[in-house]
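In order of appearance the chains are A, B and C, and numbering begins at 1 in each one.
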Amino acid sequence: MIVIENLTKRHGSTPCVDGVNLTIAAGGVTSIIGPNGAGKSSLLSLIARLMDKDSGRVQVDGLDIDTTRSEVLARRLSILRQDNHISSRLTVRDLVGFGRYPWSQGRLTAQDRAKVEEAIGFLHLEDLADRFLDELSGGQRQRAHISMVLCQDTDYVMLDEPLNNLDMKHARNMMRLIRRAADELGKTVVLVLHDINFASWYSDHIVAMKAGRIVHAAPVAEIMQPDVLSSIYDMEIEVQEMDGKRIGLFYA
Amino acid sequence: MTRLTIGLCLVFALAGLSLFVGVTEIGPLDLLRGDVDAQQVQVLLASRVPRTLALVLAGASTAVAGMVMQMIVRNRFVEPSTAGTVESAMLGLLLITLFAPGLPLMAKMLVAAGFALAGTALFLRILRMVPLRDVLMVPLVGIMLGGVIGAVCTFIAYRWGLLASLGAWSMGDFSGVLRGRYELLWIAGALAVAAWFAADRLTLAAMGRDMSTNLGLNYRATVVIGLVIVSLVSATVLVSVGTIPFLGLIVPNIVSLRMGDNLRRAVPWVGITGAGFVLACDILGRTIREPYEIPIATMLGLIGSVVFLYLLLRTRHNAAA
Amino acid sequence: MPLRERRPALVLVALAIVALIAAAAFMTLGAKGSWAFILEYRGTKLLGLCLVAYSIAVSTVLFQTVTGNRILTPSIMGFDALFVLVRTVIVFFFGFGALVAVPVKAQFGVEVVVMTGFAALLFHWLFLRGHRSLHLMVLVGIVFGVLFRNLSGFMQRMMDPVAFQNLQDTLFASFNRIDPTLLGVSFALVLTASLLMWRIAHSFDVLMLGRERAISLGVPYRRRVAMILGIIAVLVAVSTALVGPVTFFGLLVVSLAHVLCGDGRHRFILPASVLLGIICLVGGQTVLERVFAFDTALSIIIEFLGGLIFIFLLIRGAAR
């Protein structure tokens, strides 16, 4: 369980995360949605201690992120940000192997190696495992990064817009994979998503942000309502149901 | 592992060759037969062996320092001589020569290393002021910063009559290496080994602050460790034999093309290639115009700039494709 | 007229006055003994300094015009290192005697032709093979410079020590050791180049707008640019022959000229750069030589300031 109390972060004088209180239960997929500049990515980075907060508290399974050693936290919670440009030439297997760093400090044991192969297999990267990252396409590289994060084998996995730069097919496969990670591996996955329909189709919970504050946090069905969505995005959004899933329509 | 052994053998062969090249004729067979006079033994022990060891140590450590620098700056085109590090070390050495000429070499080296550290930190600071970090912008800023610090050095050297020393420092040359005058380079060698021990952390740091924090690494501490290694190696090599330009740039790039940048794998290769490269250049410089010598800095400047041009134009080619 | 429009003209007048004062100070300060001798001795030096200032300033402005940016200068692109290399190659293959035996004009001729050839190659590569990044161009230029310098160094080590020493002496002149025998031919060359420049000067502002715009406005682009590069080669050859390589001087004065004028048109920038060049060289030399009694320090100070400006331009350029 991740517990966030009164979390605030300012850029200059304007707060980008403004007094957020939120509890993310263990298990399942939680998506954070909201308009541009709502503070979604900042919230994720603050939880994962990539950004220093101004005030407030964050606890991951009872561990306060301020007082817990970074390497201990790295065995509980992993994060992948949007822009993961790596200028060094590493193979896919090297990269995924670094996911074991929090556990092995670089000296991979037989068990670590098994985990690496498992993570590579989970993302179907076997054929690419010995290729260098700069020889891969954008989608393949994204999969390699996700594989590294899974190999880190943390209970909590946070992904900041994992669908960026993916075409429709790859985006859908990525979301299926995230669903599998939650269902089969028992991970708690927290995502920042732009597409409300991907969020609706694949998540259990949705957290909606606006201007640095949480405006809604509830199971999917409660958020995917025309009036709720309209208030989040300041536009008319129609909601239809298909196969028990809710889809927002806002193209008209 | 076997390929690494072959590489090591090649370096040993070059080192062996280096022992027997020079004005005083000493043949390997004569040495084995014990058919050498006292003067030949003297030349061998006082000059040839130290020179060969110095070449191996300086070559390997300079190349490794270049690689470490590329990891912490996250840029393929930096090395101590394209980042203001070498010029800063020179400034430190110049000032200590002026104000405390009597200090032992070790102390001078440490002062130079302190300046190198400060200069490199300044370089990183300037980089942070550049919002859009074009890959090529980084070495450009570094070269110019080096030029500015170099101008300060030249001015001081000019004003207080130290231009000859400055010239010697900026022109790496192994012809003056004698027993008792190169031993500091063992420190550089030890630092290269230390870099190998820190290999995983440095590789992680090269993946960026966010990703290394996510994996529980203390990013700042790792960058500092890297900077200290680079500064100490640069200062040691500078004090012992002078600057060896471009070595730290071209060797890691060549190794990276084949092996990638996972330092645990790459560092031994970078060290071996660096040592072999410097040995080869030095032997060439000694033989091409006997009895005169062409300093290693000129040889490497020539070969290094051609390789650098190739790397520059190749990258762009790839980016366009 | 409002002040803003008159500013460039006022700046030019002010610069001209300062330049005159600098020249007067250079001629008279600390003079002892026969005036006839002093006037002739210092006059020759003054003429040399002015020629150098003119050549470097004009070649830098023109180079920035054809390359369309404010960071590149001929010396940063390795031109003066090339000059040193050409000299070295001549001595290497034909002995030092060749450098002495061949008349100065012929030597200049060879050097200018080679440098123009290099300029043409560089230009071809920069402009005709698609859009290259500015940073790549600069870096490649710098590394070419390093390559040329090391190639020269290598060849100098390979030649016999006497020729090496003699060659060194012709290459590493400084601001206060201008060779008077070169002045006549330098002056003639600069004058010819300037006359050529005068005839096409009206198109400089248009060229600054970029290749496409210039062509659509009816400028014969390739021919014009080739001619300008030829002029640049002559000017760089003259200045390098007179005082040796000075990497950042051009960048320094042209950047200052832009700051002072606040108007990028060539009718202001060209004269302002030349005047600033004269002020920096003549004034700087006077101050250092007569006031502080340093003699060769000026080039070092110029490198220092020029390097700082370069870093500043880089950082600011990226911010935009």
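Please note the rule applied: contacts are C-beta pairs under 8 Å (C-beta built on N, C-alpha and C of every residue); 3 or more make two chains touch, one makes a residue touch a chain.
In this text the structure is predicted, and so the values were computed from the model without any measurement.
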Which chain lies at the heart of the structure, taking centres as C-alpha averages?
B
Interface with most residue-pair contacts lies between B-C
Farthest CA centroid from subunit C: chain A
Length of the line joining the C-alpha centres of subunit A and subunit B, rounded to whole Å
42
Please report how many Å separate the Cα centroid of subunit B from that of subunit C, as a whole number.
34
Once you find the CA centre of subunit A and the CA centre of subunit C, what distance in Å lies between them?
57
Please output the residue numbers of subunit B that touch at least 2 other chains, ranges allowed.
none
Residue set of subunit B touching subunit C in the complex reads 77, 126, 129-134, 136-137, 139-141, 143-145, 147-148, 150-152, 154-155, 158-159, 245, 288-289, 292, 294-295, 298-299, 301-302, 305-306, 308-309, 312-313, 316, 320
For subunit C, which residues count as touching subunit B in their complex?
130, 132-133, 135-136, 138-140, 142-144, 146-147, 149-151, 153-154, 157-158, 247-248, 294, 296-297, 300-301, 303-304, 307-308, 310-311, 314-315, 318-319
Note which residues of subunit B are touching subunit A in the complex, please.
70-71, 74-76, 135, 199-201, 203-204, 206-211, 213-218, 256-257, 260-262, 264
Residues of subunit A touching subunit B in the complex:
45, 48-50, 69-75, 78-81, 84-91, 94, 98-99, 101-102, 105-106, 132, 149, 152
